[in-house]
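Both complexes shown next keep chain A, but they swap its partner, so chain B is in the first and chain C is in the second.
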Partner chain A sequence: MILLQNAIFGLLIGGLYGLGAVGLSLVFGVLRMLNVSHGELIMLGGYASFWLFTLWRVDPFLSMLVAGPALFLIGGLLYRILFRHFIHFPEDQKIKNSILIGSGLALVLQTLAILAWGADERAVTPVYAGRVIPLGPVVIPLSRMGALLVAFLVLGGLHLFLTRTRRGTAIRATSQDEMAAALMGIPVNTVFFTAFALGSALAGVAGALLSVSDAISPAIGLSWTLKALIVIVLGGMGNIFGTFVAGLFLGVAESVSGFLFGNVYREVVGLVVFLLVLSLRPQGLFARS
Partner chain B sequence: MALAGAAALVAMPAFTAASGVLNWGFLILLYTALAQSWNLLGGFGGQVNLGHAAFFGIGALATRILWLHGMAVFAALPAGTAAAAAAGLVIGAPGLRLRGPYFAVGTLAVAEILRITVGNILPEVSSLPAARLAAYAIAPRYYLALGLAACVTITARMLAHSRFGYGLAAMREDEEVAEAIGVSTFRYKLLAFIISSGFAGAAGGVFGYYHLSFYPQFAFNPVWTFDALLITFLGGVGTVWGPLAGAVVFLLLREVLALRLVELHLLIFGVLFILIVVALPGGFVEAWRSLPVMRRELVREASNSVADSVRRRRRSP
Partner chain C sequence: MRRFATLIVAGLLLSTLAQGSAGAPASTVRVGAVIPLTGRFAGGGAQVKAGYEIAVEDINARGGVRVGDQRLPLELTILDDESDPTKTVSRLEALAGQGVVVFLGGFGSDLHAAAAAVAEKNKIPYCGVAFALHAIHQQGFKYLFSPFVKSPDIAIGIYRFLNASVPADQRPRRVAIFSERTDWGRELQRLWTTRSTEYGYQVVQSDEYTVGTRDFSDIILRAKAAGADAVFSVPTPPDGLALVRQMKELDFTPKVILMIRAADAVSWNQALGKDGDYVLLAPGWHHAFNFPGVAELNVKHQQRFGRPADVITGPSYACVQIVADAVERAGKLDPLAIRDAMAATNLQTVEGPVRFRPDGTGIVPFVLVQWQNGTQQLVWPKELGAVPFQYPARPWRER
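Our next item is the complex of A and B:
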């Protein structure tokens, strides 16, 4: 029964894993750049929610609507200043440079957060923080349930945006073939900018939702970047539904194994799964189908 | 010049009793060795290894444990090096089949797994016992680091002018083309990876022999990877002397910055790293090399404009 309860906790946090990963996946799919400071953008979203709550008692589920646009701007800025310079490099160079810039950026953002807000762990505690819904022998924490629902809705919205709108179609076209898209009159440079900023905005939303159930500190970035990478590799590239399911899977795997082998190893299990998938499918599940 | 420099480095402990200066020299040599070990695979071979700290950590841990259990350091250090090189073989054989971002993030994942696991298994700080502490002297550590830095740099120099090195360079520029002209890219990569992780392990071993007390987990901290990257890029990625130049600048900067701006110095290093990747991909060594070229161009431009104006003046009476 405790196992079941753990599985439910994992499932609930897993929605956030999916949401945290989908922005990274979008950026990689469209720009062929791997922004390894994605986790730090999630961290910034978390701080946005923390400060809105601490200063003005804004509910984290509302802060999401601020964190998203704020990170959209920050992401857009980072793209204009840093990543744009090598957008037309050959793919190998582009990936390598983005990884290098991303690791520098991760250090910069983390240090900035420490300087601005200190290294302490922060938490957001709305009135409903501890409330649970009893469901037979297990309980479902209300705030996590809400976070899962919102994650599902945001991912659904993203899916509709990418498939049903003109702008979304332009993004998908560019990710499939940049040259052909450009020849069809799609402004690919704008698409690159939009995709990067949108990916960052999704990180912001994930961070704000995360603040409801997890502690926020400047150091959480790397572990969220790794989680996002694991989820992408499991779920397959450019597949939003797959990303969501992979997020749920990782959540359950982490929390069940944390229960079985001790909580200190929960992150290790995700990483081992990640390496297994990578080495059994060397082309990576990144490979576009 | 290189010979004179080497002689000065060897003679240094004889002239200065100040352990501060030797400490300083030790750190420059240790970071040179660590950065050069990353450079062997990352610079010459173009494979971005984000898990370099794992091999540094394995070397540090193995050497330290063996040494503290009574083994002579001249046996413990090779053992630590061998452990790291073996780990390089075990991780590299499947890992190097991954290309592009998968190799980078895969190595990052391996390093995190090791860091978390070591932190869980060995949570306690490792300190030197009193007897070792009483016998502690900086000079032997200094010579060990000097020998290691020399070894890695000589390896890099030999590599740069060998068939193996040219193969790596070809692979770095274009893997398919390299394969087509007969470079067995996987074997080249694996060999470079094993050498690189072995040297990282040796650097870790020297660190384990040098440091009075540290948490075993600290040797696996991603900061070792990042410092190696920063130093290599500062000095010049894929060059023989880049890591040495980078290490000198890095430690000078760190000394100056960390004293006054404790947290801020990390911020400055991050910004510096990004700037170099974006604006100066060749690092200092490349900038230095291109100085004569730039000067020549400047002179040519200036003389051209003078000649132009002279010509113009002649035409208009």
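Our next item is the complex of A and C:
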């Protein structure tokens, strides 16, 4: 019974891992940039949810409708100011530059958050927090189940956007071959801007959703960035669907290993899986080749 | 060649200036503090910083510290270690290079453990609160002083408190320990386990977890299955929030929940609402203390932050009082003389009368505070103005 309950908790946590990583995966897939301040954007989404709830009792599931667009704008601004200058550099140079700029940006955002909101841990506790859906011998926490469902919806919406709209098709085309896309008349600079802002918006939504289950503080960014990096390597760099499934997989693997080997080995097992995948299947678990 | 000569001349001039400043009489008492103002311990670090700053302001407003035949103001330099022990070390080394005569510590046992060795190496006395790890004091350090309750006193203190506060037939005798896999977590896990039987308690479940864990369901369900009616733990604030939330989701309400450290921050109640009530913490101090200076400290804290002094702010304030007293008794700005004076401390502070044992641990009261209706209330010791202990914890669903 404990194992089954563990697996359910792991699945719910994995949904957040997946959603948190999808934005980073999108940015990497299209721009070939590794925005290591992605976790700080998640943190900003969490604070948006916290303040909307604290000031006006806005439900965190509604807050994501504010956090997403707000982070879209912030992400777009950051791209314009910091990242677009080296968008046409060679790929390895782009990755190095983006890591350096992202690291600096992460420190700046964390410090600004401390100055603005203090360093204390915050959390959103709506009236339904802690309520569960009994399912035989196990329970499913209502708020976290809601977060997982919303994560599925967001991912579905992203899939439809990327496959059924001209802008989405342009993003996919640019991610496959920037030069060919440009020759076909696709405004690749606009595509890069859109992809970066969209990735940031996904971080904002993830932040709003995790506020119902996790503590929010200026310091949470790094742990979410690291988790997202593990997840996108597992799922295949730039593979959005694979990234989300890898998040679910990692969540369940951590929780079940906690039961089997002890709670202290949860993270270890996750990292061992990460290293194994990196060694044996570097293209990721869910990549076609 | 000319550039090279200019550089040599500039270097000689600077070295002359440096020698001149070193030889000049000190105009301040230089004190260096390394505190986690960012990272996982930033909430607690903010309380420590407030205590140091208010104490320095108070002492300087009274004319500073008497050193020999002159009065000198305290000059406090605060650096942020970002809750990272490696940065604690480098920041303290930097302060030592700047000529501070006393170190003040930050928050959290692992940071203090790193700091104590730096103080010892540089032979600069170190006063730190907000750490209960006793093992640091068993390494023979001569420059480490901590007017703060330590694990051995915490371990027996909670059992004594429960025996004094709860009728024998209602006591939560079956204890589960959620042990953080750190030196301090393991130290208390061992002490709570070894001291349990002599006070009539049984540890029915004891599990370790790593800092930053997001899923505690396995250890919670094991404790629930073992029939535990008390949970003892020392989580970081984010881990504590996750633990309470998941205990509620899994419908596990022990009669007693002790969460040292996580529940210290005032944001605990803001984050958890009624779910944060009934939780006990052992912060070493409470603003309801009636020792000299507490009322004035509360007024100043109220003016600055809109609430009485926080639980870690009091011991931090006391640290500065102890340092100032030691400098006065030393009569000179010599770290060794100040260290010897600190060892001989016998001072009335805002946390009561403080003396130090030979290992540098302070002889201070063991304090328990409980979250009651959204506020931190002193529940132990009774002679310091404690209110009744709310027991047992009301089930989550009935709050």
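Observations on the model:
Here is the rule we go by: the second predicted complex is superposed on the first by the 269 of 289 C-alpha atoms of A that agree within 3 Å, B and C clash if a C-alpha of one lies under 4 Å from a C-alpha of the other, contacts with A are read in each partner's own complex, and residues count from 1 in each chain.
Just so we're on the same page, a contact is a pair of C-beta atoms (placed from the backbone, for glycine too) under 8 Å apart; a residue touches a chain by one contact, two chains touch by 3 or more.
Just so you know, these numbers come straight off a predicted model, no measurement behind them.
In the three-chain model built by superposing on chain A, chain B clashes with chain C. Looking at the shared chain after the overlay, A:V264 reaches both chain B and chain C. Applying the stated contact rule after C-alpha superposition, one finds that A:T169 touches neither chain B nor chain C.
When the two structures are aligned on the shared chain, A:I13 is found in touch with chain C, with no touch to chain B. In the superposition on chain A, A:L275 contacts chain B only, with no contact to chain C. Residue contacts after overlaying the shared chain place A:P141 against chain C, while chain B stays out of touching range. Once the two complexes are laid over each other on the shared chain, residue contacts for A:I2 go to chain C alone; chain B is not touched.
Looking at the shared chain after the overlay, A:R122 reaches chain C, while chain B stays out of its contact range. Using the contact criterion defined above for the overlaid structures, shared-chain residue A:I114 touches chain B and also reaches chain C.
Of the two partner chains, chain C is the only one that A:S255 touches; chain B does not reach it. Of the residues of chain A, those at positions 111, 114, 223, 262, 264, 267 touch chain B in one of the two structures and chain C in the other. Within the complex formed with chain C, the residues of chain A that make contact are 1-2, 5-6, 9-10, 13, 54, 110-111, 114, 118-123, 125, 129-130, 132, 139, 141, 213-215, 217-220, 223, 254-255, 258-259, 262-264, 266-267.
Every residue of chain A that touches chain B in the complex is listed here, in rising order: 28, 34, 36, 82, 85, 91-92, 95-97, 99-101, 103-108, 111-112, 114-115, 222-223, 226, 229-230, 262, 264-265, 267-268, 271-272, 274-275, 278-279, 282, 284, 286.
Residues of chain C touching chain A in their complex: 37-40, 42-43, 45-46, 83, 181, 207-210, 212-219, 221-222, 225, 237-238, 241-242, 245-246, 248-251, 265-267, 270-273, 275, 396.
On the side of chain B, the complex with chain A involves touching residues 46, 48, 50, 94-95, 97-102, 104-106, 108-110, 112-113, 116-117, 119-120, 222, 226, 229, 233, 263-264, 266-267, 269-271, 273-274, 277-278.
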